[in-house]
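Written below as structure tokens is the structure these notes are about.
Labels A, B, C and D are assigned to the chains in the order they are written; within every chain, residues are numbered from 1.
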Amino acid sequence: MGILLGPDSRLVVQGGTGREGSFQTQTMLEYGTRVVGIVTPGRGGQQHLELPVFDTVAEAVREVGANASVGFIPAPGAADGIMEAAAAGIELIVCISDRMPVLDTLRAYYFVKNKGARLIGPNCPGVTTPGVGKAGIMPGNIFQKGPVGLISRSGTLTYEVVNLLTKAGLGQSTCVGIGGDPIVGSSFRDILGLFNDDDQTEVIVLLGEVGGAAEEEAAEWIAAHAKKPAVSFISGRTAPPGKRMGHAGAIISGNRGTAEAKVAAFQAAGVPLADTIEQIPALVKAAL
Amino acid sequence: MRLFEYQAKQVFGGAGLSVPKGMVATTPEQAMAAAEQLGRCVVKAQVHVGGRGKAGFIKVASNPAEAGELARRMLGAGLKGYTVHQVLLEQALDIAKEYYLGAVLDRDGKHIVLMLSTMGGMDIEEVAATHPEKLIRLTPDIWRGPLSFELQDMAFAAGVDRAVYRKVVQGAATVWKLFWQYDASLVEINPLVITSSGDVIAADGKFEIDDNALYRHPELEAFRQASEEDPLEVEAQRRNLNYVHLGGDVGIMANGAGLAMNTMDVVAAHGGKPANFLDVSGGAKADVVQSALEVILQDPSVRGVFINIFGGITRGDEVARGVVEGVRALGTTVPIVVRMAGTREEEGRAILREADLVPAMSAADGAEKIIALINGRGA
Amino acid sequence: MRLFEYQAKQVFGGAGLSVPKGMVATTPEQAMAAAEQLGRCVVKAQVHVGGRGKAGFIKVASNPAEAGELARRMLGAGLKGYTVHQVLLEQALDIAKEYYLGAVLDRDGKHIVLMLSTMGGMDIEEVAATHPEKLIRLTPDIWRGPLSFELQDMAFAAGVDRAVYRKVVQGAATVWKLFWQYDASLVEINPLVITSSGDVIAADGKFEIDDNALYRHPELEAFRQASEEDPLEVEAQRRNLNYVHLGGDVGIMANGAGLAMNTMDVVAAHGGKPANFLDVSGGAKADVVQSALEVILQDPSVRGVFINIFGGITRGDEVARGVVEGVRALGTTVPIVVRMAGTREEEGRAILREADLVPAMSAADGAEKIIALINGRGA
Amino acid sequence: MGILLGPDSRLVVQGGTGREGSFQTQTMLEYGTRVVGIVTPGRGGQQHLELPVFDTVAEAVREVGANASVGFIPAPGAADGIMEAAAAGIELIVCISDRMPVLDTLRAYYFVKNKGARLIGPNCPGVTTPGVGKAGIMPGNIFQKGPVGLISRSGTLTYEVVNLLTKAGLGQSTCVGIGGDPIVGSSFRDILGLFNDDDQTEVIVLLGEVGGAAEEEAAEWIAAHAKKPAVSFISGRTAPPGKRMGHAGAIISGNRGTAEAKVAAFQAAGVPLADTIEQIPALVKAAL
């Protein structure tokens, strides 16, 4: 039945009255997502896209039973929005916002952790569970329900891969963009654990990139705990060290975070690695 | 954003840390004048790379003539691909001991780690590898910061000389404060010099700031002007674009960092040399795409551009409009290959068709086409 | 330490809170001059007591002549035992709404409580009693402080006008910041005025600072000079003594606040009138005791002194030496009764015996003796 | 067997090399207290009063098994000393220091609470368990072992009462000075709970004063939970409102914290109240 976003999820959109927030709320509704309200401080009591608008997340929880949130809040207020959701009792917090100062994210990370909530992002495309809904900005038309669980640090590259999978007849259980920042709420490892316990998911695709050690950790975890096969891909093989490749997290520092190290880690863990994204569907089929 | 050593020391000094008396020079004449005032001094090239000492870019001058000569040799010289534009002249210190003091964002451990060692003056990663017990780490609570006793415990655990432990503790507290105050990702003092008279002095300084937080640090603008950064990257940053100059001839634009990196990888896999990384990001609009194209084409090495778009939050029609408008405005004759899929891809393609742009159906197809066009073989 | 309204507003203004344009006057002429500049204004007596409005110590002046007349009436007048030395003249505000915003140390709950209400302008304890749902409290984490969303939740829960909620939230954040910055025990803005044009203005201000933290606030020294405090208490504070002027004729000195209070109680129970509370505290030395005796005897009402010492951390011999030296240095003829017990009491009594001081064996005995001496009946 | 300071207590003196700290350490040793070391940063490795000196409390815990501390640290560093002790695993932390900024105390209070340690003070004379030892500045010669548990907000007044009790043949189980500040680590109520469960203690004497509501809380607690009789006394009956009577905590704010309210609370709880301290021994004898 997929992970994170399920049939019981009642989504509130933080910042859903802004230009981008409105557009994305519309696409989430069109995809069939159960969006129960919008939170924009100072606009409580209004209606927007036929949804009730609340001043605070706490009100949305109280009034319409929201238990999941997706945030389109500009970076300066994004951490506060995450913490507000966690304090209000939201269980799944998806933060789309990019360019968040990493120290803001760090504090929000611990705040969410202490509340026992789950944070996806920031700087991510969100979560899509085909047939259920999407909390984020992924284009809904490329998805199809199926057995592939997908985790990725990037956005558009993920859509490419989903598109390839769907065209190859390989539907998805849930697709999770964990975000491209150096610190994100949920790591590859965290999401791997959820897919591991999900009945619908039969194979996991993991899209990594240069920077940090999340891929190495994931490879170790797979070797030790995975009950299902996984397929991996690393982008940024031609990225030079010391340069931030768009994502704040995609930077090779000294000799840490190189594509080589990640490739080696997956090889050591026995996880098949695609050289190009076009190879992924075949590897998935072989693993099923 | 990285600060030069002399800039880091300005920040340190402003926060009450002791730094050597020093002056910046951009010409040998300035260096001589500075040395007249400073006496025996150290001449240090200001570049953002390590290993300056071994490479002969940190040298002691006994008199102004020597200082001038050292500056003449360093200024304009290259070190690991960076050019020296400024030298820092500092009064020589009476060094008794060299410690290490630093704070760094540990992205995988999700902490800010304060580090202290009495084995300063050498690469701290080497100390960590060879004498791990000599590198004391503290990961203070992220809201509370380090408490005095925690810093004190760290100082005594590191074996800091009791005669200077208070100053070292104060220095560590200041490093933490500056880390948060300036949204740093790295603050490093190596060596933290203990002089024979018991002064504790920041004899070097590294300071890296989170680019995402620069919006709340207008006070750092002044530091940027003195930067040695790539002029194309500076221009792109001014335009708020995620651009990295790579030096090849295939200009690259994609929406999304992962897709842009993968586009680079695919171009390279097909034998091309990426000129740049450029992510026009999620919500890119026509004006952004046009602006991005302008920056790519400012690079004289660029002989063709591959635009790779998969529409999520970005709408295909807007991207297409931006590309067409950008090409028109620039009147460029450089070949441009565009591959577009995702949200509103049909509308986007319709707009592209009206202009003279080469369509591609996949990244591999686009890479092949742009390389062929650059090599004069047509698409 | 309590700040006057005009001082509190200086602090508020310095932290970015809007305050009315105003000027302080100590003479009617200054008040007239101020009113010339301010136009229609409010004249407010600067005293550390509530209920100024009802008592006629806050009045509107339509013109300079009226302002001068109001100042003339207020200056030098008394209110609940306090004398008015200064008036504050402020531009009259175009009041649409009156809110309440404050932060207080809740000693029993062990919190700093931020409080917000849209029922401002009246005694907040009355609001708490009659409309508890209208007073919203927030007890932020003591290390972290209030997060923006917490303040926002508070503002919406209080029913703050959406048009001004951002300014109110900003104001609450500032109150919290000032509370910690100045080691406050109370910061109160009542009313926080919302003007017709949507400005949010601190129209009154209470600011109390923890005396124990004054050592880290030298910047507040300037405020103290303008104080209306009892001159004897000011002198005692200068000497670092715990002294409270009470107005009777029996000077009291004891070591320990509890013992001093109890000594007052015992003196009162025996029909005496305590002139003061004075605790020479734990580690009192001869010079401290001497200094304390000097302050007690500076009070012209004092006709006798009862010194009640029980030695714990304070050594009896040191206290005795201080008393003897103090009496000798002052050459006073006022009767002094001393009762001493505890650590080194024998040594202390031996020293006392050498001087002309009346010994007592208990607090009750001492109280009886000093009252008898004051009444000319001998001990 | 008394409370807080027992036969297993191994006391370290924070700031025990200073003038007052040395003097008091000497008196604690003379009283027979098991003092195992002194902590003065920067003086580690030395000997003082024949005791080992450590740079940090953690070292004292590690090297000589300290589990209790008493602090003679000047106010500006007192909160840090308290937190250092708590972080090092000290279970009983007695803070003698006076004039601590109350916000420092507040932060130290929560820090200690989170570590699960117990704080007595600040601005207190400490804890004395006759026959075992003393952590603080009470004059040892006035004590005698016996059945009276004593809790007080003041210092010297407490010695007076102990002196009276001892002279009346009423020994003490433990005497606790909780401190005269508005915020203290342990309240009357906290210590009442300990005496309630202590076999040796047969009657509790509670010395209160004006300011705050700790006496009212204590009276309520006694009425609801006390298994033993209690006797009370309130000083400051002649204290005027709005004036701080030496103790930072001894201040009547408006009509809160008056002696009348406290007297009324004890009367309502059925706790005998002495008018003068000289009456206390008789009330204790009557209660036994």
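Following the convention adopted for this analysis, contacts are C-beta pairs under 8 Å (C-beta built on N, C-alpha and C of every residue); 3 or more make two chains touch, one makes a residue touch a chain.
A quick note: this is a predicted structure, and the numbers were derived from the prediction, not measured.
Looking at B-D and C-D, the interface holding more C-beta pairs in contact is that of C-D. Chain centres here are Cα averages; for subunit A and subunit C they lie 56 Å apart. In terms of their C-alpha centroids, the spacing between subunit A and subunit B amounts to 28 Å.
The set of subunit D residues touching two or more other chains is empty. Within subunit B, the positions touching two or more other chains are listed as 143.
An unclassified topology is adopted by the chain contact network, corresponding to no line, ring, star or complete arrangement. Touching pairs of chains, sorted by label, consist of A-B, A-C, B-C, B-D, C-D.
By the touch rule above, subunit B contacts subunit C in their complex via residues 141, 143-144. The part of subunit A that touches subunit B in the complex is made up of residues 20, 24, 75-76, 98-104, 106-107, 109-110, 125, 137-139, 141-142, 152-160, 163, 180, 182-183, 207, 209-210, 212-214, 217, 235-240, 243-250, 254, 275-278. Interface residues of subunit C facing subunit A in the complex, by the touch rule stated above, are 147-150, 152-153, 156, 162, 165-166. Note for the complex: subunit D touches subunit B at residues 41-44, 55-59, 77, 80-81, 83-84, 87. Every residue of subunit C that touches subunit D in the complex is listed here, in rising order: 105, 107-108, 110, 112, 125, 142-143, 180, 183, 185, 210-213, 215-216, 242, 244, 246, 254-262, 264-266, 268-269, 274, 277, 279, 281-283, 309-313, 341-343, 362-364.
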